[in-house]
Amino acid sequence: MPTRLEPAKLGLRTRLFKLLFESDSRAAKAFDIGLVLLIFVSVGIVMLDSIDSYHQRYGDLFFYTEWCITILFTIELALRIYCLQKPWLYLKSFYGIIDLLAILPSWLTLILPGFQTLIIVRMLRALRLFRVLDMVILEGEKRLLLDAMIRSRHQILLFLFTVLMVVTIFSSVLYLIEPADAGFTSIPTAIYWGIVTLTTVGYGDITPVTPLGQFISVAIMLTGYSIIALPAGIFSAEVIRALREERYSREACPGCGRDHHEQDARYCKFCGTWLDEDTVDPRKKTESPAT
Amino acid sequence: MPTRLEPAKLGLRTRLFKLLFESDSRAAKAFDIGLVLLIFVSVGIVMLDSIDSYHQRYGDLFFYTEWCITILFTIELALRIYCLQKPWLYLKSFYGIIDLLAILPSWLTLILPGFQTLIIVRMLRALRLFRVLDMVILEGEKRLLLDAMIRSRHQILLFLFTVLMVVTIFSSVLYLIEPADAGFTSIPTAIYWGIVTLTTVGYGDITPVTPLGQFISVAIMLTGYSIIALPAGIFSAEVIRALREERYSREACPGCGRDHHEQDARYCKFCGTWLDEDTVDPRKKTESPAT
Amino acid sequence: MPTRLEPAKLGLRTRLFKLLFESDSRAAKAFDIGLVLLIFVSVGIVMLDSIDSYHQRYGDLFFYTEWCITILFTIELALRIYCLQKPWLYLKSFYGIIDLLAILPSWLTLILPGFQTLIIVRMLRALRLFRVLDMVILEGEKRLLLDAMIRSRHQILLFLFTVLMVVTIFSSVLYLIEPADAGFTSIPTAIYWGIVTLTTVGYGDITPVTPLGQFISVAIMLTGYSIIALPAGIFSAEVIRALREERYSREACPGCGRDHHEQDARYCKFCGTWLDEDTVDPRKKTESPAT
Amino acid sequence: MPTRLEPAKLGLRTRLFKLLFESDSRAAKAFDIGLVLLIFVSVGIVMLDSIDSYHQRYGDLFFYTEWCITILFTIELALRIYCLQKPWLYLKSFYGIIDLLAILPSWLTLILPGFQTLIIVRMLRALRLFRVLDMVILEGEKRLLLDAMIRSRHQILLFLFTVLMVVTIFSSVLYLIEPADAGFTSIPTAIYWGIVTLTTVGYGDITPVTPLGQFISVAIMLTGYSIIALPAGIFSAEVIRALREERYSREACPGCGRDHHEQDARYCKFCGTWLDEDTVDPRKKTESPAT
């Protein structure tokens, strides 16, 4: 992506690009590790700062560390923008938006103090970890599962929607028959209880007290319990389909015309013909052309 | 379904049918979207109206909007009945009954005021969403999973029944040994607790206090935890069976006419005939009559 | 099992056997349905009788109905013993023991009044439903799943044991670090909490209050959540293995020697040879024997 | 491992080794059973001793039994060290460390009294049960599942990490919008609640009271509910992959020597040679050299 400017700058931008966006050299890997550490420290500070006792003892330390990190992230973002040819495309991408959100609110508090939602946005820095993850884990494996998840999303959403509709109707019945002091103060609250029950979370802040209410709640529980792994079944079916597809090639054998050969097969398992049409069967080479 | 009446009416009834019951034209799609929006608004009003603060502020707005929607649904149902040849069949079907239930109670309150159960029936309008869903989602996929669910229903019901029997017996033991103030006031209540525990919902409104009771409850928990995905295993086995059926070709054998051969079969397993109509059986080539 | 006594008695015993132990005739089916109804009524009476309000209103009705049912069950058991040739074997079997337990305690209360555990034993009558279930459901399907469950029992028990050991150790740590008024009054109680947490039941009667305790509990929760379907995975693997085995025969083809033919195959899919060694290929019969 | 010392000692060390480390002879099996019993008694004593009533009644009995067991375990460890040639390697292994931890703290209390953490370490003796388990269970089965678990660990850890990141962000939002007396006193506490909800444990010690908080918690619950069996899906995919490997023959090709051919392959997919050594390649029959 860097372009041929003056030779001196070219080297710098390419080197920065390799450092920031790739993980090949040792320097790039060290940069990634340092970045992960900074993200963990930053998120950790937000978490600890929310505890009163820690806030009173270390509040200042947190404040200064937080600003050092913000400044470092800002410098990093500036360098990223600098070494790219088309920085606007990057800033509109998922990672670019997170990088912006990671530093903008901190700077905004200088202009508009008392930005309480700042805390959440500082937590969003955790999403920056995905960038590093992306380059570390087994590409192939992750792709398979991610694809299976994406392909099953329609069925899982349909499943969820159907379940929610049924829960809504039953929760409304509970709202009618249960007294208000049992917690069923409105239909939305009853639906909240219904989902707490169906997902087997079961806080216990709202529980039915009438026998009919308990009976209906038992029906909701058994339903949630029985179908709890339907999404997993949908997901597994997609994984199995994908696993099966990846093993077999769709190319036909020049000899017998059958496909469904394994990816690593060189000879047709049905008739023994050499499968690759573009090359010559090595066995033929050894059979001397002379008659 | 519309029939040939006077040419003018024919056009109207056919056009109405295409608009209300099908989704091909842009008008029909727009109608569906409008219908979904009305259903969401109607159900949303029921939910918000149940919250006291909203009821006091917007109660009148809700009332008038609700009646507008009821009148719109009534007009819609009248139109549906009008454009069908055999409306009685429709009114006895699942969707027809829901359409009736969506408007009848509202009208009944004019005759019999104070129809509290009205609220629930207005929630049933949510089931009308299924009609729209049916036409939108991927038919094939839904069919596969729905079929797998239907085929596994006997085993899942047997599984549920066995589990309930065992829970009933253990809950009765808890009822005997636990003091009443722990919540085990009767056997049905103990069974309610047993199912709350087995399904891992665990409200906590009733919990065992005696050591033996806690021991038995631990047994129920571990059982529920271990078998929680048995229904999913049953369901997945059916899905896998269905996926495997995909491995069979539907082509008929030229010899005996039967299909259901494996994809990689070359000879019919029923009569031994060479399956591929476009090529010659290799065995015939070797049985050369001429020397 | 009935034996040849005098012709008159023979008929009676055989007819009773067919009525009580089999389900072929309409009378036998009617008997089964009546038996199921009686069991449900009997169990239902025990459940309702435990509710104070019902006990006060209908206590006498329950008492008399219960004794009628007990007498009916006693007569039934006497008839079963009568029509069997070796009744002792039956009384030692699973169903025989349940039949005895279903009536003995009721009779014992006449001798030893105040038999509170009587209630539980009357609940055991529910197990008699298994007898009827056995004959009703799809034999084949139930066999497959039951076998898969039995084959996976070693692995599931090993899994449960490992999990329990780990939970025991972590719960002991919680017992040490949590104050007693949080509920962790002893190690067994802490283990009870640990299992409540691991199985995701989560009553909430005991919850950790120290940060370290909450951290360890989070570890237990995530573990329980991640492995919750491992038993199902074990079970599903067995089901898949069984499904695969049932499709393929292990017999070799006399022509090419390959096995792995489907159960319903008559000709080898690889070379077209007739698979059954003991009979002649029908095609050969049609090929005229004349040379 | 025992070496040839004087014939008398050689016999003793070998016999001790066979007794302690193997399970072939009846004496060795009896030793294993005795060891398991002692471990159960020891762990049981720790558990019972933590209950106040038992501690007061049987405290002395527990104390003396505990020391007998400690002395027995010490003698056992001494014997293990004695009969091994390289005891240091054993003491550094997993089982060796547990054996040390099982007795050291007890002895340390003589020197440093008031070792409260002693209790936990005595619980670690339960891990010694693994040694016995290892030799008892079906090796093959355990290997398959264990391998599948190990192979899926990367994906399951990635899955857990992603889920935790998302929960952290949502929990922070809850921390902002919920009042402190609802329990959301700090971000770590909110994350604790988030995991309690996501894993469907749902203690109920902390529950959202604001409508928006309840809405977000519903989103967390539905997410946890839908993906609860994703780890199982990952695990099952690995099991299926392993089961499929069983479909490959381990026989080597006579031509190129490679194995890993499908069960139904007739020709080597790598070099095209006819795989069955006992028969002749049908193609050779047709290539008759004589014209």
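By written order: A, B, C and D. Residues from 1 in each chain.
Quick note on the criterion: a residue touches a chain if its C-beta (ideal position, glycine included) is under 8 Å from a C-beta of that chain, and two chains touch if they have at least 3 such contacts.
This one's a predicted model, so the numbers in the text were calculated from it and none came from an experiment.
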(message) More than half overlap in residue numbers between the two sides of the subunit A-subunit D interface, or less? Answer same or different.
(response) different
(request) Going by C-alpha centroids, which chain is farthest from subunit C? Tell me that one. (result) A
(request) Starting from the mean Cα coordinates of subunit B and subunit C, work out the distance between those two points in Å. (result) 28
(message) Using mean CA coordinates as chain centres, what's the gap between subunit B and subunit D in Å?
(response) 40
(request) Identify all positions of subunit B at which a residue touches two or more other chains, and write them in rising order. (result) 188, 200-204, 224, 228-229, 232, 236, 240, 264, 266
(request) Classify the chain contact graph as line, ring, star, complete or other. (result) complete
(message) Considering only the defined contacts, which subunit D positions touch subunit C in the complex?
(response) 43, 46-48, 50-52, 116-117, 119-120, 123-124, 126-127, 129-130, 133, 137-138, 141-142, 145, 156, 160, 188-189, 192, 195-196, 198-205, 224, 228-229, 231-232, 235-236, 239-240, 243, 263-264, 266, 276, 278-279
(message) Touching residues of subunit C toward subunit A in the complex: what are they?
(response) 200-204, 229, 232
(request) Would you mind writing out the residues of subunit C in touch with subunit D in their complex? (result) 154-155, 158, 161, 165, 168-169, 172-173, 175-176, 185-188, 191, 197, 200-204, 207, 211, 214, 217-218, 221-222, 224-230, 232-234, 236-237, 240-241, 256-258, 260, 270
